[in-house]
Structures are given as C-alpha cells and as structure tokens.
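Okay, got some structures for you below.
Both of the next two complexes hold chain A, though its partner changes from chain B to chain C.
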Partner chain A sequence: MDKPKLRVATTSLAGCFGCHMSLLDIDEHLFELVGRVAFDRSPLTDIKHCGPCDIGLIEGGVCNSENVHVLREFRRNCKTLVAVGACAITGGLPAQRNHLDLGACLQQVYRFRDDIEDAAVPDDPELPLLLDKVYPVHEVVRIDYFIPGCPPSGEAIWKFLGDLIAGRTPRLGHALLRFD
Partner chain B sequence: MTKQFLFDGQPVEFEDGQTILEAARAAGHYIPHLCWHPDFPPHGSCKLCIVKAGGRHVSSCALPAREGMEVESNTPEMNAERRALLQMLFVEGNHFCPSCEKSGNCQLQALAYELEMATARFNHFFPDRPVDASHPDVLLDFNRCIFCELCVRASRDVDGKSVFALTDRGIHKHLVVNAESGRLGDTDFSVDDRAANICPVGVILRKRVGFALPIGSRKYDGAAISVVAMKEGE
Partner chain C sequence: MPEVDPVVQQVVARHGGDPSHLLQILIEVQEVFGYLPAPSLTAVARELAVPRSRVEGVAGFYSFLYPAPIGRYRILFSDNITDQMLGSRALLEALCRKLWVEPGKPSEDGLVSIDTTSCTGLCDQGPAVLVNGRAITRLDYRRVNEIAELVRKAVPLDRWPAAFFQIEDNVRRRDALLGPTFQPGSALAAALKLGPAGWLEQMRLSGLRGRGGAGFTTHVKWKSCRDAAGPDKVVVCNADEGEPGTFKDRVLLASHAERVFEGMALAAYATGARTGLVYLRGEYRFLLEPLRALLDRMRGDGLLGRSILGEKGFDFDIDIHLGAGAYVCGEETALLESLEGKRGTPRIRPPFPVTRGYLGRPTVVNNVETLAKTTLISLGGGAAFAATGTAQSTGTKLLSISGDCALPGIYEYPFGVTIERVLEDCGAGDAQLVQVGGASGVTIAGYEFQRRIAFEDVPTAGAFMVFDSGRDPFDIARNFVHFFAHESCGFCTPCRVGTALLKGYMDKLALGRGAKVDLADIEWVDRLLRNASHCGLGSSAANPVVDTLIKFRPSYERRLKSLEFEPAFDLDAALADARRITGRDDPAAHLDGGRGR
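Presenting the complex of A and B:
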C-alpha cells in the first residue's frame, strides 16, 4: 500500500513570492513532489487557514500583525517549520527600513507627494498594523530548518525537501548553500 | 632534527617562532580566519582561527608552535564555536548579502558557507550605520564592518597615511575616518592604497565596478574558501 501523503503548507509573509517561484522551478520534480505530498494552506491551493501539517514552508520576514498571526498558525500546525529565503532568515529587503523611523517612513511614502491630492497615511481598520521593525521569523517562533538564498535555487529546495521527505537530516552542502 | 607538533592527529613540522597557523598552512592545512593576513603581524581579534591546544582554546594566528603540542582544529567542537562567532558577526552588523557588491567575493560569507551556517540564529541588532560616499573612487559601507583592523593596519603601516581607526569600546566600537569632517573624501586616501584593497568584507568598495562579475565567476562561487585561500596564499 502507498504511504500516506505528507501534508505541506506554504506562505509568503513579507516576501516577494520569489521563493515560491523557485519552488515551481523544480520543474519535472513537481510531479514527484505531488506524488508524495498534499498541499494544505498555500498560494497554490488558496486554502485560507492551515490545518495539521507535516511541513510548513515560510517565505518572507515578519513586518505586520497579520504576519505574526499567520506565522503562529503555521507553528501551531506544522511539525517541521522551515524558513525559506533571505527575508525569512534575516528580514531581507523589507528589513532595510529597520534603521529608519517607521512614522517618518510612512509620511515620506504616502503623505509628502505632489501627485496625489489629500495624500495621507492609509488608516483603514482592515489594514494590519505595521511592526516597528521587520523581524526574521526565528525571532518570533521556533524554526526547525533554514534554506538561505535570494531566492534559494530550485535545486536547493528540491534537495532539502527530498531529504526531509525521505526521513534524512536535510543538508544543502557547500554547492547549494548561497546567501544571494 | 626538525620539530613537530600534531595537527588534527597529523604531524606538522615547524621552525622556532612560527605560529600554529603559519606552520599548519605551510603543511597544507587550512585554518579559518578573518583578521589574519599573511602580510601583517597577527591581530588575534576575530577568533575564527581558534584551535584547541593542550585542552585550551587559543588563537592559532598568535600562538607560537611548540614541540609535541596536540592541536585540534577541524573538529565538530571547534567548528561549532567558529560558527557561533560568525553568527554573532552577522547579527551585529547589517549583512544583507543579496544587495552587497562583495557577495561572492566576501570572506565572511565564504566562511559561513564553509562552516555551513544556514542561519544567524541570534536576534539581529539592525544597527544604524550611514554610508560614506564622499570619496570620488571609493565607497565606505560601515554596515558590514567586522572590526578586523586590516584597513587600519594597511593604511598606517604600508601606506603611511593612517586614514582609518577603530574608536569606542565593546558594542559601541566602530570604524572612523581620520579627517576633521570624518569623511573619506577629505583625506588623501587613494583607490591604489593597500588599505583600499584589503577589506575581507564589503566595507571598502571601489566605485563603478560593482556587480561586474556575474554570479558563477566570482571568487568563491566555484570553490570553498578553504581551497581558494590555500591556493592564493591568503
């Protein structure tokens, strides 16, 4: 009898979906992957909330309150939680605002502009509250594994997932470990 | 008879006055390092070259080799300590590799690959360190400084200009420029200075050549730093 499929959830927090594109970049291995895993919450399935999962892949850092809720939901539901890419691991590009004052930043972007009449900082209650800084995911919840890269190559993601699915300790090795 | 010590269980010959690191390298054994450079006296600040000798942790760049010494270097214990030191360096500054011109040619990054550092583990400091673009040919990006003092030493001892210095103590320590304005453009610093070409990370950058080398042909793209450093005598 076939082994039951592992459940995998993925999300992009303060990221650009580049890491998800890289996941799709594993090309024909996708067929092998969907033979061995079923996707739970993910941009690929459009499921809105994460159920109990074996593996959670987190792209992007934590820049607002919604990111915190999603990340905690993943941690609660995923046996193994993986930080994927530079933003999840270091804060990345969004974290380049971290040495600036957030209020001044918002004013500069939304208020002080000539091309919009009555320019103001958006304050719709639907919008998640921004955090003072953009945080790497391991500073908010416990993370089991890290796949660096901007984005990590499809090969790196496939090597990692292949190891994890087969029950081996995932190891990228020198050739696939890249920070850029 | 030549004197010997044991390096990771293998006999290594040395001459009086040679440090552990020098003797090990002469015998073809790489020891990770950041602040050490073959053209300068040992500095002993980065501690990446830490080894265990006689049960004690010592800086191999600074400790003279002795007859019969037993040195452990490439062991899980020593490499775990080196990895922790790298992780602390990464969180203390702003090391955003994807936007750094030095990426692929950076010793800090290459050592992180060598020691399989996939995460900086600790909480990031995100310090505020403005850049200095005042010099016509050289950009200073203090975000990446690891305080190895190689530029300080090169500028003082080779160029005779003393353009750089480290100031303050502990976590407040930072690199400063020897000009009343504090700007590199107001010094006699030149792009041909030794100090302009010695930074192991991405602080002192030549302008107008950034990202000229494509990914794949950079210094550490093909081979690990342990291979490149031994081949190029660094």
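Presenting the complex of A and C:
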C-alpha cells in the first residue's frame, strides 16, 4: 500500500501520438496506473525536462537533432527505457523518406510548390535540423524493451507496464504481440 | 545472341521435359546466353508447364544463375579467409582498376564483371578465381595482368594458358584410402561374393560414420533405406563441398572417383537402389566432363548399368547434377530439393530421406569420402577397417589443410590424431588458432592443441585452417559471419535476420564503434540462432563468434569504443545535408561537439 510510486516519463519523437492515445485507451486501468506511478516529463504533464525516472516510454523514431537530445535525456534519466510502437522500433511511416534524398525532399516542400512566396528552405536556428535518415531509437541509444504494434493496443501496453511495475520480465503473449 | 525459343526447346527436350530437372535446364540455358534473359524464363516455364514464378524462384535462388545481364567474362574471386590471407582482396582491386570496373557491376560494354564468391575449395593453392565457372589458381599480380589483357582482347577462355587452370591434388600424407592403388571393380566383386546381407554386416562391423560432418553411422542409414517401403530407391552422393576450407572431395573426385562411384554401387547393392545421383557443386564444374567420361568407362566395364558384374537383378546407374553456388545445398534435405529442381530450402525432418527422400523415394545420401571408404571395407573387411582410428571413430579421415603453414594440402590420418601432430606435419610452427570443420566448426586455441580429431573430441568434415600469431581472431570470425549472412537461404526468420544482425554487430565492431553492450547482444543473437533456426546452417552460424568470444575475447574488447552505447553512424555527419541546404552552422546545427558547439 505504501510502496513508493514509480516515476514514469513519456515522449513522442517522430511519431503521431497514436501510441500515447493507445496508452490512454487502457480506460479504467488509468486509475490503477496513477495509483502506482507518478508521471514525470510527458505530454500528459507538460513537464519540459526529465528528472530521474524508473521507466521511460519512447514513441516515434529519431528524425532530427532535437529528437537525439530528448532521447539522450531520457536515456540518462530512465533506468528502463522502452521503445513503444512501430516508429520507435523501425522508423515506421516517417522512415519512408529514407529512400529519398533529403535535399530533394526539402526543395520539393519549401521551394517548388506553387503558391509559396519567397520560397526557400527555412534556416531559422530555432528549428531542429533533420538527420539524413529517420533512425530507430535503438540505433541511437541503448533500449531495454520493445513493444511492437502500430499502435500497440492499450491492452498490450497495460500488460507490459503491469509486468514492469510488478518486477516481472515483461512478456506479451501471442495474442498481444502484433506488428500492425 | 541465338533465338531464345529453339534453344530452350532443345535443352528442355534433352531433359525429357522433366520439371524436376529445372535447375539443370536453367544452368544449360545460361551456358548458351551467358545469363538468363527474361524471355528464356518464360519459355522454360511454358515448355515445362510450370508457373513462371517457380522458374523465377529457382533462378533467383542460386548465386551462379543470373536473371540480369552480366559480363561475358564473369570473374569471381574466392572470398574465403584463406584466400584473403593470400591477398585476394588487393588482387581483386587491382584487376578492377585494370579493367575499369567496379566490383559487382558489369562493365558498360558488357565485357566483364568482377565480384566475390564463397570459398571455391582451392584454399591450398589460392588465391583462386572462377572465370565463367572455370577455376584459376595461384593468382598473383602477374597473373592478374595477364587475365586483364586476355579479357581486353576478348580471347576465348579455351585459348587462355593451360597453366592457369592447373589444379594440384597436393596429397601430403597417404594412409589406407589414398595409399594403395585401386583395381576398379574389385570392391564390387568382393561385396557380391558376400551377398547383400553379408555385405551390410561387414558395413556394421566397420563402424563407418559419415564423413560429411554429422557422423551418422552409415550402415544404419543403409539398412533403414533397405527396409523402407518403396520399390525405387536412390543413392545420392553429396559432392556439394561448400564448407569454407574443405577441398578433400575435390581431390577424391579428381583422382579417386572410381572408388566414389563404386562406393555408390556398393550402397545400391546393400539397399536395392537402382538410381544413383551425384550432386556436384557448381564450383567443381571443371570435374563434370572427366567424371562423365569415367561413368561411361564404368558402364563399358560392366560396373554400372544392367546386371552389374553379371549379377542378375543388380541394376544401377549414376547421373550427375550440378549445383549452382548455394552452400545450404550441402544440407542433405536442401540438396534433395535442389536435385528435384527447386530452391535449396531444407525440409523438415522427419521424415528422413531414408524413408522419403528424392521425389519421395527412400534415399541414402552419403558424403563423397564416406562412399570412397566403403570400398576399403569391401576389400579388407569391416573388422580390419575398425582396427584403425578410435572406438567411436573408425578408419581414417582426410583433412584439407590450408592457411598459415608450409605445406597446405590433403592429409590422411587415422582418427584420433592430435592437432599438435597435424600442425607439426604441415609445417605450422607459429599457429595460434586452428579452425577445424570450416566456418561452422570449432575454433581451437593454442592451449587445446593436444585435442584429437575424432567424433569423440573434435569432429570435422575435414577443413583444417591454420592461423598464425599475426592473424586477428576477430577478423576470422567476421569473415565467417559474412559468409553465413550471404549463404542463409532466407527461409526461416531466425537465420535470415539473425545472420544479418550478427553481421551488423561485427561490422560495427570492425569500425571501432562497438560498445560493451554489443557483446551481450551478440551473445543473445548467438543463442537465438542456435536454438530457433530451421536447419544446421543457422544453428552453426554463431559457432565462430561463440568460440572466439570465449577464447579470444580481447580481440573483440580492444575494438570497443565505449562501455556505453554508441550509434553505428556519425550523428553530426547526418546533419551535414541539412546544414548545407539551410546554410546554417550555428551551435544548434551540430551534435556531439561538431564545429560551432
């Protein structure tokens, strides 16, 4: 009853927030969850930087320099880091650009479209630069666990977190393990 | 180029329109066109009345079949570690420079293409290349210059200097098998005197075990096949000697083929088989004509065909099928698939080939050396055979010795010989590591050199590669890992993905970007490969890494960049395109201490 709550941080890198929506999809288990964990940096709390945490959940792949900084901040602070969903694990949909030349991509979007005035690729230092390719998170930092799915079902995320919180090696059975 | 349809029709007719000859048909069609033009695949499918997808599936599976245009001269450098140690990579680059081509890409005029291929079984006289399937040995810069000149002048291969194609047996130590001269027909005559049951009893007494690596007891295999239901049994000789570093079967087939073929007839006599098939690896294409000529002679001498040596009802004949550059076909069920003209994907066992093998018929599959050994048992008796060797490994074993030694070649020893003794005999004074059994075998470190070659201790199909103290064990393991990733047939996920992952880790370490955790991941992939693969290729693919990680760990550790994780690529460089496009160079436009930070 009086066990200290585990601290959990979550973020979406090059993702669509679909995995976060799936997390919210655990419905009434949310009450159980907030009874057992406290959220640190997360879109749910709007905390901007991560402090020391037990569990970090990463949605999305790594497409720009900011993603690298955020991911490294998570790795530095989280004892257990989990890649959640197809984009984090493989690069996913955003990685479709990996087959294209980055220059051609940016030119197409920012210069060669009609109805654009003063067409130029934005160079504001506020904007994070794009990496040449979209990388899966485990190619940039050490990842401890993977939850596949696009998105993984709420049920899968709940089972996984339940195991993790209880100290069991997380194990998704056949029914919960899916790649679409 | 000749018209496609008549050529295909002719080749298909030569094979009686039999779809199980699909691979042989494709090999022969390719010999006419230099590659397999798309219309030829369509024509083959039509003539054999099989789906085009099946034809394309086979054409796409084998390394030596080319569904896309390739150079009129196809030059393939053997890429085994022993060839690399003899300087093959530098020679390849030199030849590419001379002929203005990039490895793996045909020249624009279609004259020549240069690439690497898995071990060609000429490790004792490398570096070796295959030019349009013909082996050239002992490559050096002079020979490379000559080859470049011949290719540039488009001199037909038949008019190249004969010395190029000279292949030596290099037999350095002879024992029971390689010592005595063999009188063709004598082994069969001796067995016929005993009758099939008496002959099989001698095989039992001999304790002969398969020489292909697995070491299954031969007489049990033969007896199971004899007792299996089905009238039309088959004897297959596995001459797909693809294990890197092995070449003893080449020597047996080049100089002792009478024994091998007579061994097949002996197997047929014991099992009641009437059909014999040799699966000859494509790399040994140069042996095909001499072997066919020998088969003709044996037919003439009454050693093959109907009523062999006058024995009524003993009918047996042998045909030779060619492989086309797929290591996995050395696995017996993949070999059977390939013999049936399919992709070389291993089958699920059971049923074992002895009950359901070639075309579903009871089939004995034996290694070349195993079959040759049966002639000794027939001539001298099983008990005499069992008198040499060790309790569980009777008789002698041929070792293919290559690498850092003065006298590479073939050595025949009674089983039980120590590795130390072998090293002494072949002139390897500075050995730090021996890879016994090829890429899938065992890595033996210096402190184990007193171990013995035998199924009880260090089993082997015959490869024995010596590495001296100047060699890096990591490089050796990495070469084998690349080999397995290339040769995985792609059928099962653990092997297809596992070998690719392993290759990725080894390349990362080679770049000096490895981290301690990568070693743990490598060990995890090793376990996965061992436990989850469909066949022996996957389950043994991890062996060289497992062994060297245990016995030569510092060779890995010295390549680690950090104890933390490191990406396999340069993050700041990955921003370079965007910096150029935007013209930015401010601190936020860099990662990891790139300029501006």
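Following the convention adopted for this analysis, the second predicted complex is superposed on the first by the 179 of 180 C-alpha atoms of A that agree within 3 Å, B and C clash if a C-alpha of one lies under 4 Å from a C-alpha of the other, contacts with A are read in each partner's own complex, and residues count from 1 in each chain.
Quick note on the criterion: contacts are C-beta pairs under 8 Å (C-beta built on N, C-alpha and C of every residue); 3 or more make two chains touch, one makes a residue touch a chain.
Owing to the predicted nature of the structure, the values given are computational and were not obtained by experimental measurement.
Peer 1: Sharing chain A, do chain B and chain C clash or fit in the superposition?
Peer 2: In the arrangement built by aligning on chain A, the partners chain C and chain B clash.
Peer 1: For A:96, is the partner it touches chain B (first), chain C (second), both, or none of the two (neither)?
Peer 2: In the superposed model, A:96 contacts chain B only, not chain C.
Peer 1: On the A-aligned overlay, A:177 touches which partner chain: chain B = first, chain C = second, or both, or neither?
Peer 2: After superposition on chain A, A:177 lies in contact with chain B alone.
Peer 1: Identify the partner contact of A:65: answer first if only chain B is touched, second if only chain C is, both if each is, neither if none is.
Peer 2: Second partner only, chain C.
Peer 1: Is A:139 touching anything from chain B or chain C once the two structures are fitted on A? First, second, both or neither.
Peer 2: both
Peer 1: By the touch definition at the top of the document, which applies to A:5: first (chain B), second (chain C), both, or neither?
Peer 2: neither
Peer 1: Once the shared chain is lined up, is A:106 touching chain B (first), chain C (second), both, or neither of them?
Peer 2: second
Peer 1: Looking at the overlay, does A:148 come into contact with chain B only (first), chain C only (second), both, or neither?
Peer 2: first
Peer 1: Which one hits more chain A residues, chain B or chain C?
Peer 2: The partner with more contacted residues on chain A is B.
Peer 1: Check the residue A:86 against both partner chains and state whether it touches chain B (first), chain C (second), both, or neither.
Peer 2: It touches chain B, and chain C stays clear.
Peer 1: Contacts for A:129 in the overlay, against chain B (first) and chain C (second): which applies, first, second, both or neither?
Peer 2: So A:129 only meets chain C here.
Peer 1: Show me the chain A residues, by the header's touch rule, that chain B contacts in one structure and chain C contacts in the other.
Peer 2: The overlap between the chain B and chain C interfaces on chain A comprises residues 133, 135, 139.
Peer 1: Spell out the residues on chain C that touch chain A in their complex, using ranges where they run on.
Peer 2: Per the stated touch rule, the residues are 517, 564-565, 567-569, 571, 573-584, 586, 588-591.
Peer 1: Can you name the residues of chain B that touch chain A in the complex?
Peer 2: 90, 94-100, 103-104, 109, 112-114, 116, 118-121, 123-124, 126-129, 215, 224
Peer 1: In the complex of these two chains, what residues of chain A are touching chain B?
Peer 2: The touching residues are 83, 86, 89-93, 95-96, 98-99, 133, 135-136, 138-139, 143, 145-148, 150, 171-174, 177-180.
Peer 1: Which chain A residues qualify as touching chain C in the complex?
Peer 2: 65, 68, 75, 102-103, 106-107, 121-123, 125, 128-133, 135, 139-142
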